[in-house]
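Following are the structures in question.
In what comes next, subunit A is part of two complexes: it sits with subunit B in the first one and with subunit C in the second one.
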Partner chain A sequence: MNLPRLLLSTTVALALGVAVALGVHSATLLSLLTQAAIHAIFALGVGLLLRQNGMVSFGHALFFGAAGYVVAILLRVKAVPAETAMLLAVLGSTAFAFLIGLVIVRVPGIAFGMLTLAIGQMAYLGASRSRGLTGGADGISVEWPSALFGMPTATLLQPWAMLLLAWSVLVLVLLMLALLLRGHFGALTEATRDNEERARFIGIRTLLPRATVYALSAGITSLAGVLAALNTGFVSPESLHWSLSGVALMMVVVGGTRVLWGPALGAAVYFLAKDLLGDHAQHWMAIFGVALIVVIVFAPTGLSGLLLRLVRASPGGAAPRPGV
Partner chain B sequence: MLIHLFNGLVHGTLLIVMCSGLALIYGLRRVVNFAHGSLYMLGAYLGYSIALHSNFWVALLVAPALMALLGALLDRWGFRLLQDRDPLSVVLVTFGLLLVIEDFVQTVWGKSNLSIATPATLAFPVDLLGTQVPAYRLAVIALGAAVALGLTLWLRFSRAGLYVRAASTDPVTTAMQGVNTDALSAFVVGLGTALAGLAGVVAAPFLSLSPSMSSDVIIDSFIVVVVGGLGSLAGAFVAAMLLGLLQAFGAVWLPEASVLLPFMLMVGVLLWKPEGFAGSRT
Partner chain C sequence: MSDYVLQTEDVAVHYGGVRAVDGVEITLQRGQIRGLIGPNGSGKSTVIDAITGRRRLTRGKVLLRGEDVNAMGIVERRRRGLSRSFQRTSIFGQMPVRKQVELASSMMGSADPGADADEVLRELSLDTRGATIAADLGYGEQRRLDLAIALAGRPAVLLLDEPMAGLSMRESLDLARHLKALTARREVSVLLVEHDMDVVFGISDVVTVFELGRVIAAGTPAEVRANARVREAYLGSAA
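Showing the complex of A and B:
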């Protein structure tokens, strides 16, 4: 997508967010959409890792939950202003991910996924068993100050404002990724993903770009974690649990990674389906498990891949273009 | 001191039984079975129901047999149909399976903790070098050792074992030599699943049955197979024992850091050898 078109779609998307946030009055629907937007950011992080590194993380909840915990703990000990705490949570997760990334992206293939699962689960066990700072299995509430970024927090926590915030962050993250990946960095990481050995032969140092993608994907996920902490005002070990990582991965697979917005589509579908399931929601694990298997077997490119194929197949449809 | 060593051995043996199944399936089908922990849990719960209606020894035989059947079906209607797909998507299929099995177990047996009584024939303490240990746990160690030895001998000296080793190295060439690799895979996946079920039934009398038992064990198992080297039985045996002992002693000496110890072991080994103790393939 060329630059003017990219900026145009960003503007349209942002305007759409404003329209929905101001036009929808049902608080339940607004909060459902907010949840979907926050998890869409989460899934974008996981999807980025799969798309640019070809790696599957089963432990990204680590960054989602840890960002929330960092904010909560920093606010509790009153070390820094809330805005700085949010920034530190994102930067800290990114830096931490870069460091462990330097070690674990060297692990080939599926062993990487198993490692991320193990690391994430350690964090879950650590947070739920240590009573002091993290409040153990009960979790801790986040004590937000009365004003954030010069705005009263109460206003910010209104359903429509939260949706607008989460949606705008989602759109801006997409824009940032689209801009970043159309350049040198995108080409470099794709070459490394497709054949690391050949990439090394032509003189690319593959470790740093791979670790950078891992760090970036963790940073995006931690952004979602900070938003979730703002939205719910609460952090618990559940936000670190592997099942949450699994749900995010499910969104990525269902949405597809051919296009950047695929994982976000997956998140939207997930939350809509969960809402529609209503009474059957206690069996959501089995239902989504079956859905996951069906999508992988019959639509390996995910829903976004299906959509693109439909658009291309229909007469007068948009000309094929490489992903956003 | 001795009791911790003993408990470490018990935990290590359980992990050996679990991880040998995981390693066998990986060796033949190149599938990391994320549902392996759930199969362990399903085996334990099946054992619970069977033991309720008859006794522990029947459960010890029947539950793994049922699991073997399930494993063979899983291979026939799952892994075999997906064998040309990229390994990542097969892994995700097993992840979907994990969700289905977890939901099934919670629906059938509920979320509360259950347990199987220790069989009466083994419910007595044994004096081991001055320390009292339950005879049942001693039997667990013996069973684990028998499984490890049996698998090693089978793979090393039997014709089927030779085929398994050949197919693990190169399934296509092995099939061209006239080995029915599909039947072999069904057998091996069945065996691996049965071992998961066996571990579940064996663990049930001293670890309670709960919906979280699968995720606890799968994390440990993954650490074991990654540290030991994917697909390597010997590597998994060593790593399982190491992890079992580390957890037993860690709980005593470094109680605050004990949950982090396996993680540190894993990072340490991977820094030193990214492919694990015995791994060469990816």
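Showing the complex of A and C:
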């Protein structure tokens, strides 16, 4: 996608967010859409790692939950203003991920996934048992100040405003990724993902790009964690649990990674299914699991890949290339 | 300053007690093509791996433009102008053709990687395939892409490990023709490991023959063809 088209798409998407936030009056629907948007950001983080590094993380909830805990703890001890706490949560997660990334991205395949699982579960157990700091298994409430970014917090927490915020962050993260990956960094990471040995033989130091992608994916996930903490005003060890990482991974698989927005589509489908199926079936996850198997078998590139194929096959349809 | 672009001095690579190559001395002048021939397992590919840093030397030296590169890793050697292709096609499967050649060129510090990529692709008759995802190319085109990646950025030395492997006779001859013209135009020196004797004797300026990890003969194609030991050990009736 060329730059003018990308900027136009971003503007349209932002305008769509405004229209939905102001046009929908059901608080339940607004809340559902907000959750979907926040988890779409989470899934983007996980999807970025798969798309650019070819790596599967079973422990990305670490960054989602830890970001919420950092904000909650910093606000509880009144160490820094809330805006700074949010920034520190994202930057801290990103920096931490970069440092551990320098070690763990060297590990190939399933072993990498197991390492991320182990690190994530260590954090989960740590948060569950550090009652004094994290509230233990009961979790911890986030004491937001009365104003955030110059706005009354009560206004910001209105369902329409939360949706607008989460959606805007999602769209801007997508824009940032699209701009970043269309350049040299995107080519470096794609080459490293496709054929690491050959990448070294064309002069690429492969460790740094891989660790950077891991850090970037953690940073995006932590952004989702901060938004979730803002949305719910509460953080618990469940936000660090591997099952949440698994849900994000499911969203990525359902949405696909051929295009950047694939994981976000997966998140939307997940929440839609949760809402529709949850009304009719207690064990809706079992039905979603079957849907997941169907996607893996019949559309291995995910729903976004399927959509691309349908567009390509349609009369007069352009031949979109994998990309943004 | 050495007259040679590439020089190996007493290179040995041992795997435990097994001597894969031993006492190998090879020189390469600017613009020269040196063919490396020998039976399977005679050490040709190991020499290429040792020169490019993929295998650690047990003994000896590798000099690139007179500079000892033994302590350097793969990336440093490449950035100093040492490039290679692989026995099995090694490309970036999910990337468009032009993008990967441009990337390879930019990593060598080309002033205009896009123009360099276009030139290499044109010279290898891949210019119409620039936007194609590499995995969608035919096998012969993938072999040429492998070569294009190695040639991008104007390396000083190119080490080609069986570039004709798996190609039909016609494709081999076609690629050999491209290779000869390209290396002359780009003034790149080439070490060519290849089992297709027509190709090796057709485009090499000099030929080195390996047997059991050692060099048993070296010289012009005519001298090597006439060498009794080479005929006995390797060429046989093919000569």
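Throughout what follows, the second predicted complex is superposed on the first by the 314 of 324 C-alpha atoms of A that agree within 3 Å, B and C clash if a C-alpha of one lies under 4 Å from a C-alpha of the other, contacts with A are read in each partner's own complex, and residues count from 1 in each chain.
Please note the rule applied: contacts are C-beta pairs under 8 Å (C-beta built on N, C-alpha and C of every residue); 3 or more make two chains touch, one makes a residue touch a chain.
Everything quoted here is computed from the prediction, not taken from an experiment.
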Three-chain arrangement built on subunit A, subunit B and subunit C clash or fit: fit
Subunit B versus subunit C as contact partner of A:Gly246, first or second or both or neither: first
First (subunit B), second (subunit C), both or neither touched by A:Ala281: neither
Contacts of A:Ile202 with subunit B and subunit C, given as first, second, both or neither: second
Which partner, subunit B or subunit C, touches more subunit A residues: B
Contacts of A:Met176 with subunit B and subunit C, given as first, second, both or neither: neither
Partner chain in contact with A:Leu99 - subunit B first, subunit C second, else both or neither: neither
Which of subunit B and subunit C A:Ile110 touches, first, second, both or neither: first
Where subunit B and subunit C come nearest after superposition, their Cα distance in Å: 14
Partner subunit B, residues of subunit A touching it in the complex: 56, 58, 103-104, 106-111, 113-115, 117-119, 121-122, 125-126, 129-130, 242-243, 246, 249, 253, 283, 285-286, 288-293, 296-297, 300
Subunit B residues touching subunit A - in the complex, by the definition given at the top: 32, 34, 82, 85, 87-89, 91-93, 95-100, 102-104, 107, 215, 218-219, 222-223, 225-226, 230, 256, 259-260, 262-263, 266-267, 270-271, 274-276, 282
In the complex, subunit A residues that touch subunit C: 184, 187-188, 190-191, 193-195, 197-205, 321-322
Interface residues, subunit C side, partner subunit A - complex: 52, 74-75, 78-79, 83-84, 86, 90-96, 99-100, 102-104, 106-108, 131, 133, 149, 152
